[in-house]
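Accompanying notes for the structure given below.
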Amino acid sequence: MSISSILVPAVLFFALGMFACIIKSDLKFPPDMHKMIVIYLLVGIGLHGGKALTETSMSSAIPAVMAALILGFGLPIVAYIIMRFIGRIDPMNAAAIAAHYGSVSAGTYMTAVAFLNGINVEYEAYPVIMLAIMESPAIIIGLILAGYSRRVLAAQQGGIGGTAVAGGGGHGDQKGMLKHLVIESFTNGSILLLFGSMAIGSIINEPNMTKIEPFFDKIFMGALCLFLLDMGMEAGKRISEFKDVGIFLVIFGIVMPLIGASAGILMGHFWLQYSIGGVTLVTVLAASCSYIAVPPAMRLAVPEANPSFYLTMSLGLTFPFNVLAGIPLYYASAQWLAHNY
Amino acid sequence: MILERDAIVPLKRVEIIIDDEDFDEIQKICRSLDIRGYTYLREVGGFGSRGKRQSEEIFLHEKNILIIIACTEDQAEKLVKTISGRMKEIGGICLISDCDWVKGPTISY
Amino acid sequence: MILERDAIVPLKRVEIIIDDEDFDEIQKICRSLDIRGYTYLREVGGFGSRGKRQSEEIFLHEKNILIIIACTEDQAEKLVKTISGRMKEIGGICLISDCDWVKGPTISY
Amino acid sequence: MSISSILVPAVLFFALGMFACIIKSDLKFPPDMHKMIVIYLLVGIGLHGGKALTETSMSSAIPAVMAALILGFGLPIVAYIIMRFIGRIDPMNAAAIAAHYGSVSAGTYMTAVAFLNGINVEYEAYPVIMLAIMESPAIIIGLILAGYSRRVLAAQQGGIGGTAVAGGGGHGDQKGMLKHLVIESFTNGSILLLFGSMAIGSIINEPNMTKIEPFFDKIFMGALCLFLLDMGMEAGKRISEFKDVGIFLVIFGIVMPLIGASAGILMGHFWLQYSIGGVTLVTVLAASCSYIAVPPAMRLAVPEANPSFYLTMSLGLTFPFNVLAGIPLYYASAQWLAHNY
Amino acid sequence: MILERDAIVPLKRVEIIIDDEDFDEIQKICRSLDIRGYTYLREVGGFGSRGKRQSEEIFLHEKNILIIIACTEDQAEKLVKTISGRMKEIGGICLISDCDWVKGPTISY
Amino acid sequence: MSISSILVPAVLFFALGMFACIIKSDLKFPPDMHKMIVIYLLVGIGLHGGKALTETSMSSAIPAVMAALILGFGLPIVAYIIMRFIGRIDPMNAAAIAAHYGSVSAGTYMTAVAFLNGINVEYEAYPVIMLAIMESPAIIIGLILAGYSRRVLAAQQGGIGGTAVAGGGGHGDQKGMLKHLVIESFTNGSILLLFGSMAIGSIINEPNMTKIEPFFDKIFMGALCLFLLDMGMEAGKRISEFKDVGIFLVIFGIVMPLIGASAGILMGHFWLQYSIGGVTLVTVLAASCSYIAVPPAMRLAVPEANPSFYLTMSLGLTFPFNVLAGIPLYYASAQWLAHNY
């Protein structure tokens, strides 16, 4: 792994985007361009993953699904506990932020894939299923944590002021919201695109796949560069908000991905027993933090939380950390694990 | 007002700002009250009791719609009565002011 | 009105909603009447005597433009007289209301 | 033709789009993305068609042009008669809807091309000329039918109420409108793009073509998938409006393409004598229904008609029918005809 | 005004049109004056003392923002005093008119 | 150089766009599509140029940099003198227009590259550096010329009316504006994209480059066609404003590129000693006129000038002239020079 091989174009474009933002360049992407590239990339990953999956047996994917669920349900709880008991973050913000850290970022995943491609490292097809599955569970945990926090807060106020009216009211809403969010986690645009194109990728035959590959596969890595250029600008925009977020959460935004990564790498290597590339991708998934499906869900489910907190942390902190430093680190660790254990 | 009395019709100008996704509901109410014209502007941002709603934020796209309705005082009153209860739940604001409809185009109020 | 009299100038606020494609014509009329400022918003949807005009419908894109003109009563009267006839043909609506111009920025009415 | 070979990716993405809409997913394409893909696809078909045409003689295209004109002028009249005398649809709506069924849908045509490519069936270059020509005539017929209807209505009212003032007024407008629409049928953006890029495709030389083919040809089939994904959502949106359209028109939206297809397949096979692929494309053109050039033209020319009727029928009914069921059916029929007659 | 007195609250409707890039500044001023609600529309074109500002011109994209603030007369007066000086430098216009807030939704003025 | 080889698709699409506009077609590109293609193309040129530069030594690029600076600083002064003393154009408009003619148009440059590719002519890597450098100097000269004009005007009025108040006020602003514009000339989006992707193109290794080339290189020429189609429409739109601009400026819009071209071709051939392709590109740069970075800068720095003048001249006149007639002419001249001197 020479120095030039880790100069992945996509990552360099991300850095260029952040740089543009920091020097206050007037460079700006049309907002629709962002949405278009995201749609394209999600379909591209889905098709590619779906095709890869046809070459594996369904049953062999079960451990991946289970790992995804464990990470998706477990990490937000860990995150919540850290924020509440070490950081003394207020419960509603803690719940909303926790949900983000249990979910995943397709952008980080794709950058990792670009990184592995750049150094010619193979990887399994399962992580793409994990990507699709892990978007949802954390949303539900976020809602449960918020509900729990609301009851605690109501009880506290009740202990002082009398009856827990708000808590009762919140309770009924809670159930409706849970149902709403469960439905949404299946109808969410990006999740649907990912699952839908995985399905399509796995049922179309070789000649048909060949006809659409120039669009969805050959030019994918280049299009990813433009996506990361834009993400760099989005990340850069949020740096100015670090001071509002506070020192604890800024540190948390770096430490939490490392905690997630530790869980992911151990699972990937010892339990799932994937190759170095596969372990890297599982680690990246566990370390990454959502900014597509979770923010709108939390805005709805936990309106008391401050959106600027979770967006700043996810886009301004954890995403850049993973893209610029995390991925090579996770890869090196996966390599070390593979050679030593 | 110097403008000649017979060239204008005094009306009410109702301005409603709500979540874009609640527009259908308001449209139905307008139809049921036989309101014969309205105008709407999408991609509207704002700040209110529920905090910021930023139409330009790509990762948390919350947008308002601004609806302008020129109608008779009568219609305005009915409209206001019908929606003020619902707006308690869905949020937003509703402002009313006086205006004059300039005669000329086909009447649609 | 508590606002100090010498900080404001009473004007008329003319609001015109027409087909986007007829905007050029209105602009020309404004120029000919020496109207020195206006504001416009595109991508405006609406409902009126000609049915729905939906700026968001991709297969039948009909959009309105909303023009706001702050001007003196005099200018407003001239403007209204000039366009009301034309609006009989091209449709749309024209509303007038009272407003106060806050002194400060370069005068452009 | 195995089952997997008819699982054309473009069609599957169309189904995914409809599915997304039916389960009320929040998946949405930026409106500009739709317009961009349409521009790209039209130029792509045009260039490809233009290149193919250089390999044929001009005179041999004359029957195709004639067939296009016959279908374009004939089908709307058939459609009008059916709607008026069987369905008792009011004359203005009948006129506007009829115009849609005489014109064509480039999206349906491209899907058919993708289908034929998927099963490696060859086709002639002429149908692309027919596509370009058939956009316009139906608009003119629509206007004439509307004018005729207006006169009939005025006469009826005149018979009751006195002088046919409206009819007289309408008459003067009618001529201006006809001129306007004839001009528009040449200056219409999509028609111009199609003709323009056909012209360009036919005059540039091989090396120049080779340089732009990676963009306009290689990635075409993939881009078409995104287009159909979007069209699926557009179609899905309109399903809820079937009840407003009424049972007769819903049936008409399925039967009329079959009537058009019958005319097209007979012409293609017996008169034009194209290959199975070519006959399929002619059939598809005759069966398809416009949603690009005709709706705005009818909104202008027949303001009395309800746009929601023709858009729902074209986008929500006939397009999905052709894409999901029509194309394989027309192909199978063309095959059957070729083998039996 | 026939509308029942207890269903409405008389307020001022402040309408500010400035360069989109000056919006942050106005937002800060609003926050400092404890204004609890505003609405904004982007991609607004116009004509004024500095000539045309065309949001639709791709090679010289100058766009305005239209800000609507419903607030009490008191707030309006403070706001107007604070911004009128600054607007001398950054341009734009500020109009004030009367309006009625329809009670119902959570108060945000 | 046969006739068919100069039928460059990109140029033909430009002509189609102008044609569409002239016949008042309703063809319209979504504005975001324009911005997206520009971003894509700038990154594409940058990467390609950066890669080419790695194969050359840094020191050998110094003459190109110097030539760029000389042209960038010199041409606006020439343009200003011509407009002021021959055309009697008012000083502020002359200053603003002059700045445009000293700067460059990436669109013209890319069309020239497409032209050279179409006839298989090689060219050096240096012109792309010149393209990046030449965007800025003219802006500064424009500001200086405007400041000079303001002082002259103030002195004239002062000679009549008394003290030169406006001149004094303008003086302080002038310095702030200069600093502002110098900063902007580095943070300007398109310049940053060009330099940034040149840097990226020069540091990534071969395998990484290969992965993004299908997107940034293979489909580049096709995407350029859509860009020029759009530019054709933009140019066409402005033809109707020729009468406002006046006969002198219309002539100037054709003559000035020829003057620039003469300077460029002599520099390219005798001083820089590039190949025919390279000389053509230098000539094109010297002949071209900005419409991306300069208009907003002049609107800010010279608000007294009429934007409709410089936009009409740059987009409606000089760009079409260069694309349709200039490029083949400059190429032929470069060829002639190469063979004769």
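Going in written order, the chains are labelled A, B, C, D, E and F, and every chain counts its residues from 1.
By definition in this document, a contact is a pair of C-beta atoms (placed from the backbone, for glycine too) under 8 Å apart; a residue touches a chain by one contact, two chains touch by 3 or more.
Here the structure is a predicted model, which means the values were calculated and not measured.
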{"item": "If a chain touches chain A and chain D alike, it appears here", "value": "F"}
{"item": "Chains touching both chain D and chain F", "value": "A"}
{"item": "Chain of greatest Cα-centre distance to chain C", "value": "A"}
{"item": "For chain A paired with chain E, centre-to-centre distance based on mean C-alpha positions, whole Å", "value": "39"}
{"item": "Between chain E and chain D, distance of the C-alpha-averaged centres to the nearest whole Å", "value": "47"}
{"item": "Residues of chain A engaged with two or more neighbouring chains", "value": "30-32, 35-36, 214, 218-219"}
{"item": "Sequence positions of chain E contacting 2 or more other chains", "value": "41, 43, 50, 56, 97-98"}
{"item": "Chain-chain contacts as defined at top", "value": "A-B, A-D, A-F, B-C, B-E, C-D, C-E, D-F, E-F"}
{"item": "Chain C residues within the chain B interface of the complex", "value": "15, 17, 41, 43-50, 55-56, 64, 66, 73, 76-77, 80-81, 83-88, 90-98"}
{"item": "In the complex with chain A, residue positions of chain B that touch it", "value": "50-52, 56-62"}
{"item": "Residues on chain C engaged by chain E in the complex (per definition of touch)", "value": "1-3, 7-8, 11, 13, 27, 30, 36-43, 68, 70, 97-108"}
{"item": "Residue numbers on chain A that touch chain D, as the complex places them", "value": "30-32, 35-36, 39-40, 43, 184, 186-190, 192-193, 196-197, 200, 203-205, 207-209, 211-216, 218-219"}
{"item": "Chain A residues touching chain B - in the complex, by the definition given at the top", "value": "31, 34-35, 234, 291-292, 295-296, 299, 303, 307, 311, 315"}
